[in-house]
Structure formats: structure tokens, C-alpha cells
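Each chain gets a letter, A, B and C, in the order it is written, and its residues are counted from 1.
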């Protein structure tokens, strides 16, 4: 019975999303979305506790045995990613109760929530599947729904942002498809485990290396690794608040998960170590950290600042992967979880500010933090996690990353990480300063109807979601047992899979 | 050398179509032409997969008593899915172009960029 | 001009049912020859599109109202997922057609036909919906 629960993670959104698209009322669509995200969360927990001791759950779709059929092979890494995606979906759904009626046109409620559920379906499918073409299909499902979701933003710049994300994302997915085609031509199979076991029989074909480069380029575009990150600031800056929260915390993380799968499970590590790929990834990661943090410091608008900060954090994860020791990969896997939590909290704070003042430009937020002290405290807490202050989740990641870098003797990396943290202090201080200190000009609230009472306090559901996120940042920073144990076992499993069974 | 090129001539044509698609995508500033380039690029990838599946001397993969050697049906089936994905992407792109035209009154990329810059101040 | 308009209208009136019939032929021959859900759905939508292009959008909306299209699009996906759920309830894995009937062969036949029907309905409905939505937003010149 437990096996059937794994496929329910994909079937439940698949069946409920078309029903949601038919309704126009906000309440019904929201309730259906809440059912879907709650079910996914519970199922991910059950699956995670099933596989955390190192066993696998194997599910054959349609009863066809692999390698002819599609199989879902779930180990701790899959379950971990599924848990992250479901948890962020639950947080976004709580947040959406009051944020969506304010930002989305009222004819589109059902379609908006249906697109959100389809995005969740795609991301969960990527997290679970063990067949590489099935992964492409789910990748495209999640990407197409995110293009539609981003275009529902309020300003017209959301449309151009969604269009440029569509072009770049489709190029990335098509490159991934070309790489998969080359790999299929070389190996004759589409099953990840099957390709990995038989890899030595076709490893010397030029096809395999070209396919590898295409897959890497495609995934790099999707994961916004520097220098292929140009779609990210516009897309996350102009999207509706719920969409920014959900996508910034999950979409790039899942693409990095696919990258980890390709680098460690599909191709043996020795293959791409000879290509100098770890060094290239290291350089790209370090430059990404410094570039992202520097551009974030320059921004004048809150959501764009947070989006550039995402580019920097993805750079940290890439550094961790390229270090190729236990500490580095543990730090990367944990940062997938930590950054999802931190970014979701920060974007939720930005959403609350947008809800109450209709603007997110830092220059117009002078002193606003004084009138919402608890929200401001949560934003500051998440900002401290971003910097890496001890006691918060960000610190755990930076600690293991630094110890991994020192163990390998790469001092440039240590300098880059510390420089990134210093720049993070700079741009978090920018946010804090904008919200805390009054200026001589009184704050102007934009586009408010007369008699609007929304400025009294932050609405309940928004604050609830924000404080769940902020509490998570603090809790998992002090009691790191659950994420650390999972990340440790995942890292050991990934590094030891070089020895083909 | 010549036999190598002539033996793989289908792949050379596919690469040519792919490059035409990519070039159109990058060099044209009209949004609809960009989408056309994207569609050509995806079509080239579909052609590539289908021509991978051809077995020398094999016939179409429909079961019939008279034939014993068939081409590989798996790439063709995979490409059905990829064609649908391409259609959905193109449809979404055109919907976005229609809304951009309503919002900006132009679909030239540099005109949209200048309008956005003016919005900033 | 008048004569060209007349030829178009007459030919459309005769051709549209034939195109729909051909779409159904392609749909149900997906088991034995090239065909299946997606192709059949697109051909079906071509018939309605031809009618809409010749007679105008309002006439086409009288043939198929838009709410019916939205319900049909959702119904096709639910049919597809429903077959999978039914096979899970009958004991097999998701989308295992062999458990749907007494013999595995009959089960495979039933499963494939129903799934392709779902795909065909959704694709036809979505294609027609796309055309109607686009043509309503772009002003006729």
C-alpha cells in the first residue's frame, strides 16, 4: 500500500487541477488548492520516513518492468526534494488566501489556482521520476505553468518578463532534450539507473560527451546559474506575490536537484572530473556569488533585490557541488532546504509590504517598519539567515561549505564565500535601513481608495504564513537534526554511487 | 571524408535547420519572428530524434505479417509528446504576444525596451 | 467577391462533416495505424476552425458554446486520470491496463481506447478554445 502512496503525489494534483479550472469563485478554488498541497505534504512526510534509512521505493508505472517501462525510484534525495516542494506549496497556499484577491483579476481565480496546482504537479513529478524523458515532460509542465503564472502580475512588465523567461526556458529545455537524445542514441535506454549501470559499455563515444554538455547547458539555463541567470530578476520581480514565493523557493532548486542527479547518478563522477568540470563549476559559483550579491546591493526595488540575492545563493549551492567532498555536498543539499525557507519568508515579507502599501520601492518605504513590528522582525530574522548569523539556518550551510572548502585547500573559495556574506550584510542592511529610519518626506501610499482600512494591520493569513517561515528559519538553525541527517545520508549515498553495483 | 558527409547527410540538414532556427531567434527583434525561430528550432530536434530511430532496411513500425524488420517506434512516440509540448509553448508565447501588443501597442523588442526604460523614471 | 464567397461557403458546408468523420477515423485507428488522440483532436478542431473562418465567430460559437469547450477540456484530462485511478482501485499499478478486463489483451485494448479518447477530447477542445480566445482579442481589420 505504501507504494501506491508515491504515485498519489502525482495523481492528486492531476485530477484536481482540471476541476479547479472550471470554477470562478475564489473560495472553492482556494479550498481545492489547500486540499492538494496538504495531501502532498502529508504524503511526502510518509515517504520520507519510509526511505530515510537508505532503502528505496520502486514503483513501476503501468505494470511494465524497467527498462522498458517508466519507473519511479525514490530514495532519500527524491523524498527530501518532494518534502521541500510540498512544504513551500502549503506556505504559499496559506499566504494566497488574502493575497490573491488583491492582485489577480477576479475572472481568473480558477485558472490561477489550476496553474499553481499544475506547477506543483510538474515539480513533484521531477522530484520522483527515474526516467529521463519523463523528467523532461514534467520539467516542461512546470515551466509552462510558471510562464502563465508570472504573466498574471500587475504591471505590464510582467508580460515581457514572462515572454523572455519563455524563450530562454524553452531553449534550455530543448538543449536538455537534445542531450537526452544523444544519450539515448548511445545507450538505447531512457532509464537513469539502467544508463548508469551500463555506462562503461558506451563511455568512450563522442556522443556521450556532447550529450553531457547539452544537458548541462539546458539545466544551467533552468537553474539560473551565472551567466545564464538573466531571466530571473525580471521574472521574480514582476510576478504576483504568491507566485514569487512559490517559484523562487522551488523552481530553481528542483532544476539543481536534476543537475545533482545527472552529475552523480547518470554520469559517473570520474567521467566529468577529467573534463575539469569541478573547476569550471567552482569558478562559476564564486563569480555568481559575488556578482549576485553586488547587483543585489545596487537595486532600489525590494523584489528585484531578493531575486538577485537568489542568484548569489544558487552560486553557493554550485560551489558546494563542485567541492566533491562530503561536507560540500551536505552543505549544498541542506542549502536547497534552507534557501527555500529563507527566500520564501523574505518574499512573503515583500508580499505583506505590497499588500499594505501597494509599492515595494525601497525609497518609498521610509520608516514603514515601525507600524508593523512583528512583520519587520520576521523579515530581519530571515535577513540574518541570509547573512549566516549563528543560530539561523544560513549559518549551518555556510559552516559546512567553509569546512568543505578548507578541507580541499581552496582558499579562493573561502574568500569568495566570506565576500558574499559581507555583501549580504550590505544589502540586508539596505532593506532594514529603508524600513526602520524615517525620512523627512512623509511616506506616500500609492493607489489607495478613500476609506480603505487595509493599513490597520497586516492580515492574519499573511502574517501566519510569514511567521511559520520565520520560525522555521530559527528552529532549523538551532535544531539541525532533521535536515542535517537527511543531507548527510544523501551526500554519502551520492558520493559512494561511483562504485557501480 | 566525402562518404562520411554523404552517409550522414540527414544529420547535416538537421543541424542546418537548427542553426536557422537559433539565428532567427537571436537576431530578429519582432516577437512573433522570435517565436517562429523557436518553433523551427524545436522542429529540428524532433527531426533529429525520428531520424535516430531509422533502421537500415527497416520499414515503418506497424505490425504486418509480410515484414520482419521494423524501424524503432520509440523515438517517434517520444516525439509525439515533444510536438505537443512545442505546440503548447508556441500557443502560450502567442497569447503573451497578444497581451503585450495590447499593453505596449508594439511588438518590436527595442521599442518595448525603450518604453520600459521611460517607465523607470 | 460574391462568387468566391459562395464557393467557400458551399465547400465548407460539405467538407466540415467529412473532416469530423476523418478525425474520428484517425482517433479509433490509433491502435492499428498512425493516429491516436493528439492527431485526431487537431483534425477535429480544424473542422470547427474552417467553419469559424468562413461563417464568422458568432456562428461558430452557436455550434459549440465556450462553456462546453472548457468543460470538455477538463473532462478529457479527468477521463485519462480516471482510467489510471480505476486500474489502481482494481489492484494494479497506475495506468496498468491489464487489470481492466478479464484477459490482459482485452484490458490493454480498452485502456488504450479510453485514454486516447480522453486525449482527443482535450486536444480538440483546447485548440478550438485557443482560436476563439485569440480571435476575440485581436480586432478584425
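Here, a residue touches a chain if its C-beta (ideal position, glycine included) is under 8 Å from a C-beta of that chain, and two chains touch if they have at least 3 such contacts.
Not measured: the values here are computed from a predicted model.
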Chain whose averaged C-alpha position falls nearest the assembly-wide average: A
Highest C-beta pair count, chain pair: A-B
Centre-of-Cα separation between chain C and chain B, whole angstrom: 24
Averaged-CA centre spacing for the pair chain B and chain A, given as whole angstrom: 28
Between chain A and chain C, centroid-to-centroid distance (C-alpha), Å: 36
Partner chain B, residues of chain C touching it in the complex: 32-34, 36, 38, 123, 130, 133-134, 137-138
Chain B to chain A touching residues, read off their complex: 25, 31, 34, 38, 41-42, 45, 48-49, 52, 75, 78, 81-82, 85, 88-89, 92-93, 96-97, 99-100, 103-104, 112, 116, 119
Sites on chain B touched by chain C in the complex: 62, 80, 83-84, 91, 94-95, 98, 102
Chain A-touching residues of chain C, taken from the complex the two chains share: 70-71, 73-75, 77-78, 81-82, 84-85, 88, 92-98
In the complex with chain B, residue positions of chain A that touch it: 133, 137, 140, 144, 147-148, 151, 156-157, 159-160, 162-163, 166-167, 170-171, 173-174, 177-178, 181, 184-185
